[in-house]
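Below are the structure tokens for one structure; questions will follow.
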Amino acid sequence: MVLASPSPFTAEQLQAHRLTPNEYEQIVRLLDRHPNLNELGMFSVMWSEHCCYKNSKPLLRNFPTTGPKILVGPGENAGVVDFGDGLRVAFKIESHNHPSAVEPYQGAATGVGGILRDIFTMGARPIASLNALRFGPLDNPRNRHIFSGVVAGISGYGNSVGVPTIGGEIYFDETYSGNPLVNAMAIGLMETEEIVVSGAQGVGNPVLYVGSTTGRDGMGGASFASAELTDKSEKDRPAVQVGDPFLEKLLIEACLEAFKTGAVVAAQDMGAAGLTCSTSEMASKGGVGIELDLDIVPAREKGMSAYEFLLSESQERMLFVAHKGREDELIEIFHRWGLQAVVAGRVIAQPLVRILHKGSVVVEVPATTLTEEAPVYARAVLTEPPAYVQEAWNWDVQTLAQPSDWTEVLLKLLDSPTIASKKWAYRQYDCLIQGNSLVLPGAGDAAVIRLQTVTGISRGLAATVDCNSRYVYLDPYEGGKAAVAEAARNLSCVGAEPIAVTDNLNFGSPEKPEVYWQMAEACRGISEACSFLGTPVTGGNVSLYNETHGQPIYPTPVIGMVGILDNLEKHCTLGFKKVGDLVYLLGQAGGTLGASEYLKVIHEMATGRPPRINLTQEQKVQSTCRLGITQDWICSAHDIAEGGLLVALAESAIVGDLGVQVEVSD
Amino acid sequence: MKIGIVVFPGTNRERDVAQVTEGLLGCPTQFLWHQQTDLSDSDVVILPGGFSYGDYLRCGAVARFSPIMQAVRQHAERGGYVLGICNGFQVLTEAGLLPGALVRNRDLKFICDWVHLRLENTRSLWTRGYHAGQVIYVPVAHGEGCYYADPDTIQRLEDNQQVVVRYSDAQGECPDAANINGSLNHIAGICNQRGNVVGLMPHPENACDPALGNSDGLKFFEGMVTEALAFT
Amino acid sequence: MKFRATVQITLRPSVLDPQGVAVRAGLQQMGYAQVEEVRVGKYVQLELEAETEEQARQQVDRISDQLLANPVIENYHFDLVAV
Amino acid sequence: MKFRATVQITLRPSVLDPQGVAVRAGLQQMGYAQVEEVRVGKYVQLELEAETEEQARQQVDRISDQLLANPVIENYHFDLVAV
């Protein structure tokens, strides 16, 4: 039954709020009335892909998410994994692709700030971060500007906040020219007895707003028509937020101190869409309601409307639920660290989000309508691979001319930005702070840092981010498997046992059948590999509509993976060590040139069928490699990836400052 | 020998130093919050690395006016030992406890890399364990580490042997290529005339733990332990 | 003719200015309580050759818009004098 | 009375100004060959309460000398207007 009264909103307003007509109708059915403008803004953000995964939810259902070492799986701010002896590791990856295209420095910086907050909101001290970056070719000045801005932003924020940036990957390809990818991963070590959850509990408990003040930043660029904002001229409304790493460092210390008092019932970072997201998710996860008064929220600007308060994306802010009577204890801690802290509301029995402004109720909606009842689109998946894939699979290697000068080929490959050394970038990241970094950027296939228990037991944590998006573009199922297999292989090459995954699924528009097919097939491959290799998915992020002028980027499901080194001395790096050492190839030689970097760099072709992953073989090769490292049979190990065997040998020689001689028999 | 490590809002390497002074060397170590004014309980005061007050305006510009800096000045005037590492060195120059200033790196980028340092003055508490001309391999991590002072000050530093460490190559030479951030005379660290206040940009504390592969920096802190024995 | 331009680049009013906030806190700590608002920006001094003042103004405006200021989060304004 | 001061802080000529050098190189690359000299500094805008303009000037001068500029490497100059 749709209400007889006409909708107070024009088609443009709905479009600006990225809500389709029938999504609007569903809102009206859920509320049994028309939403007001503030409520419409809240639904617009909460029903975006970023918050509710409406297009990807059906595909994520079959990821394996449980395992003996998994303490917290998908659904919380970050996944938590048991590393033994009381060591519990929180980790997650998140994307800031669109803001980084608009303002590279601040887009990347606030991406790092946001993912760090997801970690310490669980009660964990951030101990490391990694990043997966993708740009267009560097011969284009615009791409160079975005690349140097993003690296400077990660460096500026990460170094100041005091978390070592220990690893990552950078790719360059035309597909990312108009739409760079900036995925930031963070890792933390639990410092509180109990893992802090985000579900609100205890009717009457105070709701605390802590951290920085609220301003109008982040509104201009979001999906809001200008009509909804106060008369502030466009010139004054920036599309991007500016991060303050100094304040975030204070927020880390204050929050961890606050959690250890036991006075905090629940906590959540104010991520995308700030107050809207935190109030509705905390209420719905706890099965209760939250009432919040905007007049009490510390504002940085005068005359802000309720709409602007609710949708502002100002940085470095958190929402807490405290035990009634212990709020002053928490407020004192935040004030000592020079931060805002006010009781802005309370937990209520009815499962509603009720927002007050200037003495009147401006929003009152059931919390679950915002979080659980978002539409889910189970789209049809193509039964046949799209034309571009079939054409690529028919590519015949025989048509390829044999190179006359192999040295020339190697030098050209080593000189291509995707393969070449990334020192220009990681030299700007502080990878040593906190004094636990063992395998540094460039030294091994994965980063390794030391974890220490209070009782002095030390253990290694290895971490990596990986994805070859050309493989996924040309065969999403095998490409998805390859991304997981390569991440696990990189961990095994430093001697670590792969434990768990966080993923960042970067795709084009799901409304395009071939893109949705890429998503479905990639997820099928990822879940198969994660199940087989025993690395469950503990959460992650989905970023869709990554396109320029309607042209989607290569499907890029970035896999972040962490692994355990029981014995810190038994770790391995990729550089050759001693003259006279023998070089072994684990696994089969040969394979295909399909979708290879060789084809792209030397022949400027992105075609052919990528190599198929044999997971049983993969498991054997990796466990043999790990065994060899623990038995001290192996003194260097390197995964064969872009550029194949030739480039892998060259990289081990260069890093080891030695030579290598190999006979290749036909 | 009791160690006091100063913590400003934004300091972020205080634990790295404590891991060495207390963790590796067993010296009693405590953190001193920037609003404290009593340093009587500390024989050695260390200003560690970080971004005090976010390094806004200038690195260390705001930290210099914290209440504790008055106490640090008095501690230094009494002959007490003061060490400023990276941001700590910047705060000491802003406070006038050491001459000159640290400006933006020559190539405008933050640098985190390992460098060779040549020991120049080995009479200070911190460099007593090394011999003059010795080359050590330690990391740097800074964006504003280019040491600058007017020509007279530079001349005075050289004449009084107040240059403690210089950026060099593996052989101890000082070609321009080894000057990582454009510092005048390759200066990486200096001391005051009396020698009790030392400031340097590199991070010896991140090159102390053999378990992490390099301990060239450990002797830097061991001087305090041998000095302590001399006290008792 | 030689001209000297002084370009003042400031963050847009509603953009968070962490530097301004930190400097104001520092000033208050030093006892300057009567300082209410602090904004920190960039200041660029240019010397350039141009036929006329009008042409110099156009040059500086384009330079400021294309390179010196980041239009997404900054505003600029400049003064020009013949040298 | 309320006053607004604009403080311009520039590096002393003897101090290397890598930012100025980089900006000039960038401008040349963009075809602005006629730009000869570029110096990059800081610009601070203060709003403060004071009884008289004279008192405000003294305050701003002390603030600039003590905090905003580092005399070892920087010069400062400011303008003041009543608001």
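First chain written, first letter: the chains are A, B, C and D, and each begins at residue 1.
Here is the rule we use: a residue touches a chain if its C-beta (ideal position, glycine included) is under 8 Å from a C-beta of that chain, and two chains touch if they have at least 3 such contacts.
Note that the structure is a prediction, hence the values are computed from the model and not measured.
K.L.:
Across the interfaces B-C and A-B, which one involves more C-beta pairs in contact?
P.N.:
By number of C-beta pairs in contact, A-B is the larger.
K.L.:
Measuring centre to centre with CA averages, how many angstrom lie between subunit C and subunit D?
P.N.:
Those two chain centres are 9 Å apart.
K.L.:
How many angstrom between the C-alpha centroids of subunit B and subunit A?
P.N.:
It comes to 37 Å between the two C-alpha centres.
K.L.:
Measure off the straight-line distance from the CA centroid of subunit A to the CA centroid of subunit D, and report it in whole Å.
P.N.:
Those two chain centres are 41 Å apart.
K.L.:
Of all residues in subunit C, which are in touch with two or more distinct other chains?
P.N.:
Those would be 18, 22-23, 25-26, 30, 40.
K.L.:
Any chance you could list the residues of subunit B touching two or more other chains?
P.N.:
Residues 53-54, 56-57, 61-62, 65.
K.L.:
Residues of subunit A that contact two or more other chains, please.
P.N.:
244, 246-247, 338
K.L.:
Between which chains is there touch?
P.N.:
A-B, A-C, B-C, B-D, C-D
K.L.:
Which part of subunit A faces subunit B closely enough to touch in the complex?
P.N.:
Listed in rising order, the residues of subunit A that touch subunit B are 152, 155-156, 159-162, 244-247, 249-250, 337-338, 426-438, 450, 458, 568.
K.L.:
Where on subunit D is subunit C touching in the complex?
P.N.:
For this pair, the touching residues of subunit D are 2, 6, 8-10, 23, 26-27, 30, 32, 34-50, 59, 63, 66-68.
K.L.:
For subunit B, which residues count as touching subunit D in their complex?
P.N.:
Listed in rising order, the residues of subunit B that touch subunit D are 57-58, 61-62, 65, 93-94, 99-101, 103-108, 146, 148-150, 182.
K.L.:
In the complex of these two chains, what residues of subunit C are touching subunit B?
P.N.:
Where subunit C meets subunit B, its residues are 18-19, 22-23, 25-26, 29-30, 40.
K.L.:
Taking the touch rule as given, give the residues of subunit B at its contact with subunit C in the complex, in rising order.
P.N.:
53-54, 56-57, 61-62, 65-66
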